[in-house]
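Each of the two complexes below includes chain A, the first together with chain B, the second together with chain C.
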Partner chain A sequence: MVGTPVLFIAIPLLAAFLIPLLGMIWKELVRIVPGLVLTYLLILAVNLLVHVLAHGPVVEVIAGWVPPIGINLVFSVFSGFLVTLMIFLGLLVWAYSYRFKRNVDYEPALKYFLMLMMLITGSVGIVLTGDIFNMFVFIEITSISGYGLTAFYKGRDSAEASFKYVLLGSVASTFLLLAIMIIYSQLGTLNMADIANKIHLMNPTLKIVSYIFFVTALGIEAEIFPLNGWAPDAYAEAPGPVGAAFAGIVVKASVYAIIRYTFTIFDLSGAFNFLIIIGMITLIVAETAAIRQEKLKRMLAYSSIGQMGLVLVAFGFGTEEGVFAALFLMLNHAIIKSLLFFSGSYLVYNSKCKYIKEVNGMSKFLPVTSLLFALGAFAIVGLPPFAGFWSKLSVMTAAADSNMILIMVLVLMVSVVELVYYLRVVNRIYFFKKETAIEPKKPTFNALVVMIVLGVIILAIGFYPDVVTGVLHKASASLMDKSQYIHHVLSLRQ
Partner chain B sequence: MKKVLVILLLATLGYYVAGTYFDIGFGQPHFIKGLLPVKDIYLAQTVKSLKVSNAVTSIVVNFRGFDTLGEVTVLFLAVTALGSILYKKMNVLGERSVLFSSSSIVTSGSKLLFPAIILLGFYVFIHGHLSPGGGFQGGVIIASGFLLMLLAYENYSVSHTALSVVESLAGITFAGVGLLGFMHGGTFLQNFLPTGVLNHLFSGGIIPIIYIAVGFKVGAELTGVIYTVLHEKGESNG
Partner chain C sequence: MDNTLFGYLNYAVYGTAVLVILIGLYGTMVKKSLLKVVIGLSVSDSGLNLLIVAIGYYKGGTAPIFSPGFLENFKSVSKMVDPVPQALVLTAIVIGFGVTAVALALVIRLYRHHGTLNIDEIKNLKW
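Moving on to the complex of A and B:
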């Protein structure tokens, strides 16, 4: 045995409680310890993923009570892949912001690193847990860190953004609890596998109401169209690396939750079409909204919302190819959107309003950052030699396999919109003259390293997609195999 | 017109949702027949194998102890986020907001009550596994004692460092006990101490230890929240 899933939660929590004490001894430890924890967890995640690929899912029992009595964590190929991805991104976000507020202010730095680590832990917990109420607890952990990080700069706008997030987040929690209440009142259990096993006994009306409540609650966190009012503000007002963490980690966890409820727990036949419809609406609305944005980070935020819509569409095909395409999209989106947020925040670093027109001519001052931003822009649009191409292609083939030609047409049309607004920014960076007197800010050494690592990964996946497709295929197979999941969890004996 | 439409839509939705919830029939045995709900297992095992007389405590700390660890973290994070939003540069505390100063009856009365409140708080969380109450309730009672002192005395101060040390140590105890269970029994938060005799103070294995840690943590955190919010006046951030 190489380690167990519970360490993904226990070690960061222990570290979070330790960090204030360690900070009293040596202030630098506040920065170092989260990095050490995330590195250890990344090694653990990779080891476990290798183990799971060979031996099948690991189900971890907590407090010695087997499911359905106690809480359990499930590290299958599907959840393991997402956990590895999230922790890897979390490590990059940490490395990027290592010098954040260094030698300036100790107390805010302590809180920043604590909240960042808890944001990652909460999202990992959402993915690992096999219990619906436990998932609620982790969603709370994630969103409260999110509120704190959004309001971090203490200005008027960030307070407003954070307040919006708090309001919508509380609505999400309420709906989630209402949905959990219906399930528990009918089936008397909170364990996902146990619920999935007994869901056919439930009254259909109650089943539909609780599913809708779940999707409403998780849709707020996953930025599905009518519920995503908080997202653009939060992305724009939070510190740069936090935007990347939201796009790459938090949203992924919420999408995972929706998918787990749709694929494993509920057996509603119309749910897949429902996913396609809400995904399509989200995609179209977000991409058309992105083209109208004047601020860089808001544009990236809308693009991120649109990508999540596309992920939901791909999941909504309900086939293994669809799941594969969705997972590939999630992986690419996590990597590319993080790169865009990282490099984008340096392009508008010293500007107050972060307007797109302020990136004019930045390529002369920040050549590497500009190049990496352009790389990210080309990749996310789906131009051939980069990573984004393969995921868009797999969405197209999955749609074609499911005979959804209209969806293909719409997705391609939306891609053109995407191309327009990304190329507009790249055009401004390279071919416009610098007009404003804003001083460009050179990226710090670790930020530069992180961005280059991401750029190399994008190119690597672009040229050799085979390095990831094997894992992705196994992950999608593990999601589709519902009976196997139930069997693995419920076969444990005291 | 738009508002009327919205109200109509909400009313229709609300009617159907409320109907669904009325159908559940709270207060009656409403689980689908033939299923074994986990609550029966909880009630049976609480006395049989955990030797705890308060079923709520056994569920909160043992069966679903992982959730409680999460909830404790939520509170910790809420305090952290509040501290980061209300943080003042250069460690200068903002001015205390005082509406009117308290009379000598209030000040001496609170001095008298304060130890009793703290004692009650400790009693509630130490006996969490025997009588109603527990770590969260006891912690809140302790914080209310500090609130009384802060309201009665304008210059009453609580050491921030001490609060954060207590908070951290309590959190470490919770997670550490969980990890010890992991090393001894194989699963996180597993009970590795003898459970003792039902209704004795020293019984229930790790449950009282965790609940005492929770009590300290909640008390320290809520006191910290009250203290931070009371000192919010002064330097404006907007």
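Moving on to the complex of A and C:
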């Protein structure tokens, strides 16, 4: 046995609560322990993923109550791939912010790393769990640590951004619980595989009502268009690495939840078209909003929302190619957007308002950071030698296979808008003269290493996409095979 | 289903719960004071908890607690109300408490920063 899925939840949760105690022994432990834990979990995740690729999904039963009564964790290729990606990103966020607030004082670092660990615990739990109420609990863990991280800085308007997030987040939790109770009152079970097995017995009206409640609730976390009012403010006011954590970890987990409900649990025929429509609206609105932004981090936030819309569109094709394209897009979005947040927050480090015009001429002062930002900008737009090209290409081929020519046209047009606003920033970095008297801040050694690692990964996937496509094909096959999921979970009942 | 007054009272529980949820959402969306907004969130949570307990209840059910002689008398199992919603409510109450605490802490920070609780005057970030 190569380790069990429950460790991915138990170890970071334990570490999060041990951090304050360890900090009493030696203050540096507050910074070191999260890194050790995440490194261990990454090794575990890769091992388990290799095992799962060869032998099929691992289902963990908690406390000896076999499904459908107890809670179970499912580490399939699909969820395992996302867990590995999230923990890898968590490790990068930790390495980037290792020296964070080091010279200021001890307490903020303690709170920061504690909440970061809770955020990772919750997100990994959302992906692994096989029980809808358990998923609700993990969503709440993730959002409460998200509120805390958003309100991290005291000087800025972060409390306002965080309060906005709290408002939407608690309305989301009300709706989510309501949807869970509708399903429970109809089917008398909370286990996902069991629900998927019995869903045809449910009253069709109540089925649609609960699906809508689910999508509304999860859409708030996943930044779907009319519900994403919190996102730009939270990204702009939170510390830079937290923006990367939101884009790479929290949003991925929420999109996973929507996809799990749509593909596995519910059998609504119109749900796929619904995903395409909301995804398309999100994509168009977010990208046109991004072009109007004057602040760098808000622009990146809107771009992130748009990318999530595109992911939903790709999932909405409902074919295996579509799922493959969406997963590829999620992988690329996670690494490229993290690089943009990491390098972008150094480009506007010492400015108070973080305006885009303040990056003018930064290439002379921060050559490596500027180069990496430009690389990220080209990659996310989808220019050929970089990773983003392959994911956009696979979205296009998936759309063509499903005969969605209009979607192809719209996605390409939106890509042009994307190109415009990213090139505008890169243009300012390289070809404008520095006007304002803002002192550029040199990146720390850790931050530089993290950014270079991300840049190398983007180039590597760009030149050799085959290193990831094998896993992605297996992951999409594992999502599409609903009966296998149900069988694996329910066959534990002797 | 019986049409006596008692029969309708069963549905009255659901109606009350939904009404409480709606009152809470109304408070969250319409009120201008940040404190009232937080109270609205808390009220809608309570309504939801009431609804969940009502879903698990049926008329004449007993509390789902093991007691001596429980297993011999098999009839008492079928007379128990569903324990799962009650366990869920317990979790939901704790989560609601946590969210309310975080929201109130943020209200204090907003008050210190802006000197007001009126939502219309706190608009550095374009609500």
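Simple rule for what comes next: the second predicted complex is superposed on the first by the 491 of 494 C-alpha atoms of A that agree within 3 Å, B and C clash if a C-alpha of one lies under 4 Å from a C-alpha of the other, contacts with A are read in each partner's own complex, and residues count from 1 in each chain.
Everything below uses one rule, namely that a contact is a pair of C-beta atoms (placed from the backbone, for glycine too) under 8 Å apart; a residue touches a chain by one contact, two chains touch by 3 or more.
Every value quoted in this text rests on a predicted model; they were computed, and no experiment measured them.
Contact with both chain B and chain C is seen for A:Leu190 once the two complexes are overlaid on the shared chain. Of the two partner chains placed around the shared chain by superposition, chain C is the only one that A:Asp233 touches, whereas chain B remains out of contact.
With both structures placed on the common chain, the touch criterion links A:Trp65 to chain B but leaves chain C unconnected. Looking at the shared chain after the overlay, A:Thr397 reaches neither chain B nor chain C.
In the superposition on chain A, contact of A:Ser170 is made with chain C only, not with chain B. Number of chain A residues touched is higher for B, counting chain B against chain C. When the two structures are aligned on the shared chain, A:Met24 is found in touch with chain B, with no touch to chain C.
By the touch criterion defined above, A:Phe133 reaches both chain B and chain C.
In the superposed pair of complexes, A:Ile144 makes contact with chain B and with chain C alike.
Residue contacts after overlaying the shared chain place A:Asp157 against chain C, while chain B stays out of touching range.
Comparing the two complexes, residues 133, 137, 140, 144, 147-148, 151, 154, 159, 185, 190 of chain A contact chain B in one case and chain C in the other. Chain contact summary for the complex, chain C toward chain A: residues 21, 25, 28, 34, 37, 41, 44-45, 48, 51-52, 55, 84-85, 88, 91-92, 95-96, 98-99, 102-103, 106-107, 109-110, 113, 122, 124-125, 127. Those residues of chain A that touch chain B in the shared complex are 4, 6, 9-10, 13-14, 16-18, 20-21, 24, 60-65, 68-71, 105, 107-108, 111-112, 114-115, 118, 125, 133-134, 137-138, 140-141, 144-145, 147-148, 151-152, 154-156, 159, 182, 185-190, 198, 201-203, 205-206, 209.
In the complex of the two chains, the chain A residues touching chain C come out as 133, 137, 140, 144, 147-148, 151, 154, 157, 159-164, 166-167, 169-171, 173-174, 177-178, 180-181, 184-185, 190, 233, 237. The part of chain B that touches chain A in the complex is made up of residues 17, 20-21, 23-24, 26, 30-32, 35-39, 41-42, 45, 62-67, 69-71, 73-74, 76-78, 80-81, 83-85, 87, 89, 91, 161, 164-165, 167-169, 171-172, 174-176, 178-179, 181-182, 185-191, 237-238.
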